[in-house]
Amino acid sequence: MKRARLKVLGNEQIGPYFLIRVGCGALDPGCPGQFFMLEAPGRVLPRPMSVCLAPAGELAFLIDPIGPGTRALCALEPGDAIHVLGPLGHGFRLDVERPLLVGGGIGIAPLPFVSERLGAPPALLGFRSEWHAEAAALIPNAEVVIEPTYVTEAMPAGHDVLACGPEPMLETVRALSPDAQLAWEAPMACGYGACYGCAVEIGGELKRLCVEGPVLAAA
Amino acid sequence: MLLLNGSGCLDALIAPDVARALDAFVTKTITPLPRDGNAPVRIAETEHGMLNAIGLANPGREKFLDEVLPHLRELGFPLWVSVGGFAADEYAETCAALDDVTIELNLSCPNVDEAPESAAEIVGACRAATDLPLYAKLSPAAWDVADTARAVEAAGADGLSLVNTIRGLSLDERTLRPTLERGSGGYSGPALKPIALAAVYACARATTIPIVGMGGVRTGRDALELIAAGASAVALGTVLFSDPDAPLRVRTELDVERSARGFDSAHDARGIAHWTDAGQRADVHANVL
Amino acid sequence: MLLLNGSGCLDALIAPDVARALDAFVTKTITPLPRDGNAPVRIAETEHGMLNAIGLANPGREKFLDEVLPHLRELGFPLWVSVGGFAADEYAETCAALDDVTIELNLSCPNVDEAPESAAEIVGACRAATDLPLYAKLSPAAWDVADTARAVEAAGADGLSLVNTIRGLSLDERTLRPTLERGSGGYSGPALKPIALAAVYACARATTIPIVGMGGVRTGRDALELIAAGASAVALGTVLFSDPDAPLRVRTELDVERSARGFDSAHDARGIAHWTDAGQRADVHANVL
Amino acid sequence: MKRARLKVLGNEQIGPYFLIRVGCGALDPGCPGQFFMLEAPGRVLPRPMSVCLAPAGELAFLIDPIGPGTRALCALEPGDAIHVLGPLGHGFRLDVERPLLVGGGIGIAPLPFVSERLGAPPALLGFRSEWHAEAAALIPNAEVVIEPTYVTEAMPAGHDVLACGPEPMLETVRALSPDAQLAWEAPMACGYGACYGCAVEIGGELKRLCVEGPVLAAA
């Protein structure tokens, strides 16, 4: 875990999302499923964002502008600089035999990096609309379903599932595929185990998602 | 000039490098029994601060003493243990079980339902139970915090920690329902700074014991202000969440600020907000920490 | 949904157009004897709010009744008179001398040295002295403001005004001495909003009387949040200093906000922060103002 | 008193000061010595500023960047917009026979407008340095003194003095010239009589400077 002030290199809109590229400076890009805390200009707390892509010397984040923090991030322009802390948490185990990436909505954010590291395994992505589905272009080998169809209705059996998406989606994936790896979300103030804000129930106890996760085994 | 963390704002076992950059590490508040804390959502950002309703999540006294404290000791830096409870004897029992640490009595957590017993009574019970240094951590949610400060000094407190969070609430922008599951939470961060300064300033006049100032410190300048108001040490809370490098940065900034103002050490600036026009100190007599 | 000014944040005789854009005008707190207030400097800006130590500057009861009130009446809008004092009988005497106004009892000014008598005792004395509507204005500087709210309701208050300022301090950037001559002052503005929301939310559950919400309101969205937390009316304070057009603007923004959320009137949004998942109201029962 | 959002037309540095010109929109420029409350971007309260010049359709303010509010104002760029409230308070009486304008430091700010309205009467201006004295160029017919000489040492008798400057200067002018008109300063939150923050002792009582002044008779 390191903190650095990184230059914004690019900001490109993809459907309703924004792909923000920063120069990664001295920061290690980490593993797929890990995340960084990004300074959201003008806000008190940073925001957790999964690494979406990590080409040499860069880090890219795919961000959905849903509130004040993400809106501030999506308004960044090339030349701006923000403080970034990471990599943080535990990402996906990549020692899997028949990987299937499953993502829903902005939950696809960590999957391009996973896909790259796993050599473009099959992916199943669900979106609310064709517009949102534009982001599927970031992931090769992807089948896309649009609501009212849900990814969990189209999920083939017999795979090692690596999933990220809204909570109801993850719950259904967990039920269908008990040894899936699931990337969860929780509000985070610090991202490195200091605030105890991100507590979620893990094995019947409240534990810090930023320390134990965000990727957890389904069972 | 000592730099600490605010209780509950750092875990030295998870982030030892952050703790090492401080002069001492303050634990999250320990209660007699283990507590999971409140149900999530437990944190929320506001425009100028944050809210938390962690609810004293902690492993409980026994597990803390047996499993956590030994690991903390291995790290080798000075320890402050924050002690909580729901009755004076609960506090006192934890104090009696501690050794070779400074104790901070959390008399002011806004995130539990039980009303606190009289602060002075708790301090008195703990004073009888231990010879360790005892700091009383007070809430700014009092008509006159200096009254409480005088009372805990009389009851045997060796120092004050000022301030804890104050109760606040935020609503979800879409649903207009409380963002925190618990409803309200403790308000900390930049918005708290003037409230913290007022408490430190008032208590520095009302008592003779040293004060750990905290509340909204982000920069060395903020730290210097608390020192000027009368603090002998400064603690970093919310700022650690956005900047784990804050200890070193704040210390460096503080050095620059105080030397630019002609002070040989931050300590020399202590209480200068109380100086009269004639340049003499007014009735501040806080001891050195 | 009534929109008022915060006491001490507007002079209707000097700025009648601003007052006219409100539903009622609240006077600055009137004490039995005239007061010059505190020595200047009496105001200071902080990063996220402001401090004032005006110190209840007012012409005193007699001059107010004889010279000010008649001019206010000529303006023709509903009047609230803020009543202050240093003992229950002082409050009660002023209440007895008033007629055809709503009374707001200022039980919470942080800028005078005298500690307030028990809020409930003052309300009781005033209740015995007048049949006029009596609002109790409370400070957020209490461990549990809902306790005080319950007590003043039991003592006969018809409503609550929440919240007054909370004590804060700022230091001059160059001298590190208090910016305000008095030292500390009352902290108001944006930073106060979460504290005000928490107080309104807690008191709406604890009492059945209507609440005037205030503290850091700048926009219609802020006003809607206080309403959602349980307020039946909203008062504008600090925002009037930077924007005398705020009454009309906030009203317009409030209309836009509430209709975008499907409420036919702001009133329909009252207390929705307390709704349960089932969509029913929880234990909020504040009456309509 | 009216409030409007005005466009910044120009920002020119003059010595250590900044001359900010805004389009005056529907606002009346008022009389010399009156002031406006200017929104200081990012700050909670507006800041009082005297009208320095009022060419057709414009208002100009001369600002000394001494703190957070004035620094924010001096950082304004053409094209920015700020809320402005005014004109406020009571300015200088202009029915004087032998006017002499006396100013010290940033206290010269209202004098260009006075000078224009009075047909360029003699002026005596004091500054801390030659650099500060560059602002004297805004006032025709001005004699300039630089510290350690003070304006009050160079002040000729027999004039109707209109003065603005630091408090010690005004006190000395008051002593030398009992029927001078003096423009005072006090911290102001509102500028229009709402906050009682600007109280100063006037005739033995604390009164609101924004209502009774800022220009007061010396005696």
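By letter and in written order, the chains are A, B, C and D; residue numbering begins at 1 in each of them.
The rule is short, and it goes like this: contacts are C-beta pairs under 8 Å (C-beta built on N, C-alpha and C of every residue); 3 or more make two chains touch, one makes a residue touch a chain.
Note that the coordinates shown come from a computational prediction; the quantities given were computed from them, not determined experimentally.
Peer 1: Provide the labels of all chains in contact with chain A and in contact with chain C.
Peer 2: Touching chain A and chain C alike, sorted by label: B.
Peer 1: Provide the C-alpha centroid distance between chain C and chain D, rounded to the nearest whole angstrom.
Peer 2: It comes to 35 Å between the two C-alpha centres.
Peer 1: Need the CA-centroid distance for the pair chain A / chain D, whole Å please.
Peer 2: Roughly 56 Å separates the two chain centres.
Peer 1: Averaging over Cα atoms per chain, report the distance between chain B and chain D in Å.
Peer 2: So the centroids are 46 Å from each other.
Peer 1: Identify all positions of chain B at which a residue touches two or more other chains, and write them in rising order.
Peer 2: 46-49, 190
Peer 1: Quick check of your reading of the touch definition: is the inter-chain graph here a line, ring, star, complete or other?
Peer 2: It is a line, because the chains touch in a row without closing up.
Peer 1: What pairs of chains are touching here?
Peer 2: Contact pairs between chains: A-B, B-C, C-D.
Peer 1: Enumerate the contact residues on chain B facing chain A in the complex.
Peer 2: 8-11, 14-15, 18, 28, 36-37, 40-50, 52, 54, 57, 173, 189-190, 238, 240-245
Peer 1: Considering the complex alone, what residue numbers of chain A touch chain B?
Peer 2: Interface residues on the chain A side: 1, 3, 37, 39, 43-46, 67-69, 83, 85, 186-190, 192-200, 205-206, 211.
Peer 1: What residues on chain C touch chain B, complex-wise?
Peer 2: It is residues 46-49, 51, 115-116, 139-144, 166-171, 176-178, 183-184, 187, 190-191, 193-195, 197-199, 201-202, 224-225, 228-229, 261, 269, 272-273, 275 of chain C that touch chain B.
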